[in-house]
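Labels run A, B, C and D following the written order; every chain starts at residue 1.
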Amino acid sequence: MKVAIVGGTGYGSIELIRLLQMHPHVEVSAVVSHSQSDSALADIYPHVTGVLNYTLESMDIAKLKESIDLVFFATPSGISMKYAPEFIENGVKCIDLSGDFRLKNLDEYEQWYKGLPAPKAFVESAVYGLSEFYENQIKSASLIANPGCYPTATLLALLPILKRGIIDPNTIVIDGKTGASGAGRGLSLSTHYTELNDNVRAYKIGEHQHTPEMEQTIYAETNQLTKVTFSTHLLPMTRGIMCTIYAALEEPLSTADVLQQYRGFYQNKPFVRVRSEGNLPTTKEVYGSNFCDIGVHVDDRTGRVTIVSVIDNLVKGASGQAIQNMNIMNGWNQTTGLMQLPVYP
Amino acid sequence: MKVAIVGGTGYGSIELIRLLQMHPHVEVSAVVSHSQSDSALADIYPHVTGVLNYTLESMDIAKLKESIDLVFFATPSGISMKYAPEFIENGVKCIDLSGDFRLKNLDEYEQWYKGLPAPKAFVESAVYGLSEFYENQIKSASLIANPGCYPTATLLALLPILKRGIIDPNTIVIDGKTGASGAGRGLSLSTHYTELNDNVRAYKIGEHQHTPEMEQTIYAETNQLTKVTFSTHLLPMTRGIMCTIYAALEEPLSTADVLQQYRGFYQNKPFVRVRSEGNLPTTKEVYGSNFCDIGVHVDDRTGRVTIVSVIDNLVKGASGQAIQNMNIMNGWNQTTGLMQLPVYP
Amino acid sequence: MKVAIVGGTGYGSIELIRLLQMHPHVEVSAVVSHSQSDSALADIYPHVTGVLNYTLESMDIAKLKESIDLVFFATPSGISMKYAPEFIENGVKCIDLSGDFRLKNLDEYEQWYKGLPAPKAFVESAVYGLSEFYENQIKSASLIANPGCYPTATLLALLPILKRGIIDPNTIVIDGKTGASGAGRGLSLSTHYTELNDNVRAYKIGEHQHTPEMEQTIYAETNQLTKVTFSTHLLPMTRGIMCTIYAALEEPLSTADVLQQYRGFYQNKPFVRVRSEGNLPTTKEVYGSNFCDIGVHVDDRTGRVTIVSVIDNLVKGASGQAIQNMNIMNGWNQTTGLMQLPVYP
Amino acid sequence: MKVAIVGGTGYGSIELIRLLQMHPHVEVSAVVSHSQSDSALADIYPHVTGVLNYTLESMDIAKLKESIDLVFFATPSGISMKYAPEFIENGVKCIDLSGDFRLKNLDEYEQWYKGLPAPKAFVESAVYGLSEFYENQIKSASLIANPGCYPTATLLALLPILKRGIIDPNTIVIDGKTGASGAGRGLSLSTHYTELNDNVRAYKIGEHQHTPEMEQTIYAETNQLTKVTFSTHLLPMTRGIMCTIYAALEEPLSTADVLQQYRGFYQNKPFVRVRSEGNLPTTKEVYGSNFCDIGVHVDDRTGRVTIVSVIDNLVKGASGQAIQNMNIMNGWNQTTGLMQLPVYP
């Protein structure tokens, strides 16, 4: 199968390229970059020297739609909405790693993303690519709205116990912690080495555009309108997201009880690993891999449960899940090309 | 004034030594270390080479009580309770950076610290050294139970709005984040460089011994029995604590309203800096200094307030606050020797 | 093919396990650990949870020699010399990642490793596994002395120009820089997070046991007795070695001239990537991969050449090169299972 | 005494402000910034909130020359040469932290700095502010060319043994390693957090503008024309420079012999700390302080000496040495306001 990657100089794109190089059924035929077309990829990312000889191309839909089976968009907001419709109308499937097609409510898109939304018909037909929950819809989708990194870590941790009514949805607090790669390769003072090293910074408190994405999916799965408290912190590390999630239990349960619920839920989901009691995951334990690891602690004193969910933001939080979705769309085993162990240490 | 420092090879001790070297009224006359007595301090900490010529001493109360005015204990749990009583009975004041004298309820001490408590009379007479709240009691104290690092960051953030009834005490969630120096100089796998670099680890969820210390002080200030949800995370950085604190507002207030409450509360407290709206502190902005910086965000959607409180765990969270308390005990300006700017970057 | 790994709880072992999981022809049948036998690997390294179910075994040569085709030793000095001979005598090939069989001169072993050497006959028959230089000998070897991390980075950089007489061997200075994983998982103050973060430490200046290994190979390849100046530095990073190497040119040459020599030398060596002029490699550009990247700068002012050579110390500097050697021993393409791109960023 | 600081938003300036706040005799009366005039310093550097209320000013020489006794320039190349002459002609002394007045040979300035040099008369009258070597000239200077960070660490290590003829000047190799703060606050890909974390990068090999500064001073002190091999590496840390320096001994000497030479040389120099045998300094051991620590190892095998010299690039490598020079110019003890211990850990 031949695929194109749009957004060639970003970290999402380069991670797609790394992961697809290990995929047995896929060839990356084109890497498209608006800003760096005609450059050699190896000049921008020297780590591919001698292995990959891509020259970045400008977008040429007419050419691509003839030669390509599927397009990954690893682009900033506002780009995929311009190009994906034409690809889809020409039978080329699209997996969009940006937020353009995630929010069904177009007003919410405008409000949180501060820009015009994608065409309504395409937003409606887009399937939200949280692989563990929407496998059936993904199978037949033409357009995947690949989830954001924080929503992936959060929803995989929350949905099982929300669906089973174990926690009170009005008490959810999500404390998100991310490595700097989530902010991309664009330069900024807050990701300047000297300013971030040995430092931790809270950012976008109450304003993060991933908030409505979480709430929309919680509503879809539970039929309950919920407003979550979601905060985000930039940590001095390259990769990894940890979401520490707090909620009040609806009734007294032990840590073992709650873990059993998760285990039942994810028993056939190879990329979600539920840890044992007393064993909380760290981000490095999923580094470079497509796993989401979940640990749980119930505090009898307070009647609250704390859930620790970790992913690699560039893999399960972006490019890895996109490939998992591509596998599902093609009827392949969803783990195809993705079962590498985390890089540890 | 002549002081001794007990616990000479730990980070708390070495930070006391650094800070006291800049203090105009104090001379460190003895540095006591059980494990390394007779070693030169410069052999254990080469950064003091050529400046300080201390030889570590074993504990000799008989000698010290004659020559010393005040003792700092920067020791693990269970040590100061053995020695402080004799010093106090001989008129030598003590400031204890460990948890030995913090919990008035001796059962709670046994439960959370897993060890026998200090003598009841001394626990009762000990003054909790949260400088901004107990200045009057500190003035006349013989024994200071210097607060823990997390309680300092948390209580300075919570007490003003709890005392004024702005938040619901039953909804408090405290997400703590610390650098590795808080775990001390003792070796462990979780603070092995290779395991912590580029990683974040949740630890002691629901079990941290600083929990009852927070609850005891909240009760003392508000007369309300409260159980807080408190979690802690080890971050890949050396110094710094950030506590991100969540609570439900009792009535609708704006961020500006809440900030005004803090400003009123701390207007004469030189070490607490309340940030302006939209401006959240990072840990590096207090690095090496005795400041506690507080930022606030009210989320109208959820009716919750998020407070971000940062300190340097070794300064305001330990040695700096101990010196601030020493200043108060001696009737000096509490900022004496402590008003250095943070080391930035 | 069935292999065993001895030294199951170290970083070399866990990296062998990660890499071999991607190898199409090999099954890891046993993971041997003296210190942790009967433990589940996933309890010691939670990142393998749900993927690998190994229980660590104690060493049982009688059993292993019947069931295993090849043994990797990822052990401290002094271990493989005890066990490898019996395996080899029973027809089980061995690849030793430790230094036990590297030094042909047993006196040098005693001097630099401060311990008794391996049996002479086995040292003599051992083949030094610098894959790019000893492919023919490796093919028919029973026992591979896998090179050290620093010698790998250094010799791949030095041998081509030494063999062609381009530099004066008496002027070689090697400034080595390593991440902390090279020091292993054993705890020490110099790899305690708080002590290494934001710090750089020179260590073992003039005493590093990799020195005679370099000199022995230089002699073998050039017939010149050479004494190199070699220093090592511990950097605040997890993986990666950079050797910055200085030498006087024998005659005036341009950077382009020297690069051409390297390119000729390594044109059929897929894991050595010679960079273009003005393009010096960083360690992260080989992170997690088996590549050695080399950059060159000739300084006309001084008549010296500076060579920058980088590897991932755990891959090309240890486990990756061991697998490359296993591939060669088995007549497989040497890149089998090893051509993953570096993990970047 | 009243001083002004020009270059208000850079790290050199903010470090001057931090250090001068602890100086008993100096008041910073103005902070000048071209790019951010009229901004509050606390908006650009929140860590000064509540302590310093500076508003950045545009350059107004007419005003400043009336009110100010001394100006520090912490500016990029090409700025101080425009303004310092007028200040000096009006009796205001200048200390320039940039390279504008360091190179006596104006052609060399053009060649290495790629710009037009400062006026010849001012370059000639400028005193090179390596405090330990030029105290007498500094005392009477109007204009100080404050040394670069690498030359400070290198020259303090090299000059004593060069002056005494212990090493062969034609064999000097300097391997420089720096934290990212040396590159300033300006954004660049190589100091983007994600690109530098867990990475090490060689840069400006053979092209660093500090090269002629070192050679000029070596010539001034030894009367020998010398060409040094100098390379620089960017390390994943905030502060600190380590120069590892290699040279051939002119005659056999032990480590103890060489250390004795250093000790004799620096016995009355409080900021240079010569370590004992077997004790090599790390950068963190001078963090935030004005010390330069030097360790030595003689390798009998090769006849070469290795010297490890560390400084904090922002203190002894820039702002601290500038204040040391100001102290000397004013006849104060050179340690005034500068004897704080390093911040460790």
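As a convention for this text, a residue touches a chain if its C-beta (ideal position, glycine included) is under 8 Å from a C-beta of that chain, and two chains touch if they have at least 3 such contacts.
Here's who's who by UniProt: A, B, C, D = N-acetyl-gamma-glutamyl-phosphate reductase.
If you're wondering where the values come from, they're calculated on a predicted model, not measured in any experiment.
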Centroid-based (C-alpha) most distant chain relative to subunit D: A
In terms of C-beta pairs in contact, which of B-D and B-C ranks higher? B-D
CA centroid of subunit B to CA centroid of subunit D, Å: 36
Quick one: report the Å distance separating subunit B from subunit C, using the average Cα coordinate of each chain. 46
At least two other chains touched by the same residue of subunit A: list those residues. 11, 179, 181, 194-195, 197-198, 236-239, 282, 284, 287, 345
Classify the chain contact graph as line, ring, star, complete or other. complete
Touching residues of subunit D toward subunit B in the complex: what are they? 11, 14, 17-18, 21-22, 45-52, 181, 197-198, 238-239, 270, 273, 275, 279, 281-282, 284-289, 291, 293, 339-345
Would you mind writing out the residues of subunit D in touch with subunit C in their complex? 171, 173, 175, 177, 179, 194-195, 197-203, 205-206, 227-229, 231, 233, 235-240, 242, 244, 246, 280, 282-284, 287, 295, 297-299, 301-302, 304, 306, 308, 345
Of subunit A, residues touching subunit D in the complex: 11, 179-181, 183, 185, 187-189, 191-198, 236-238
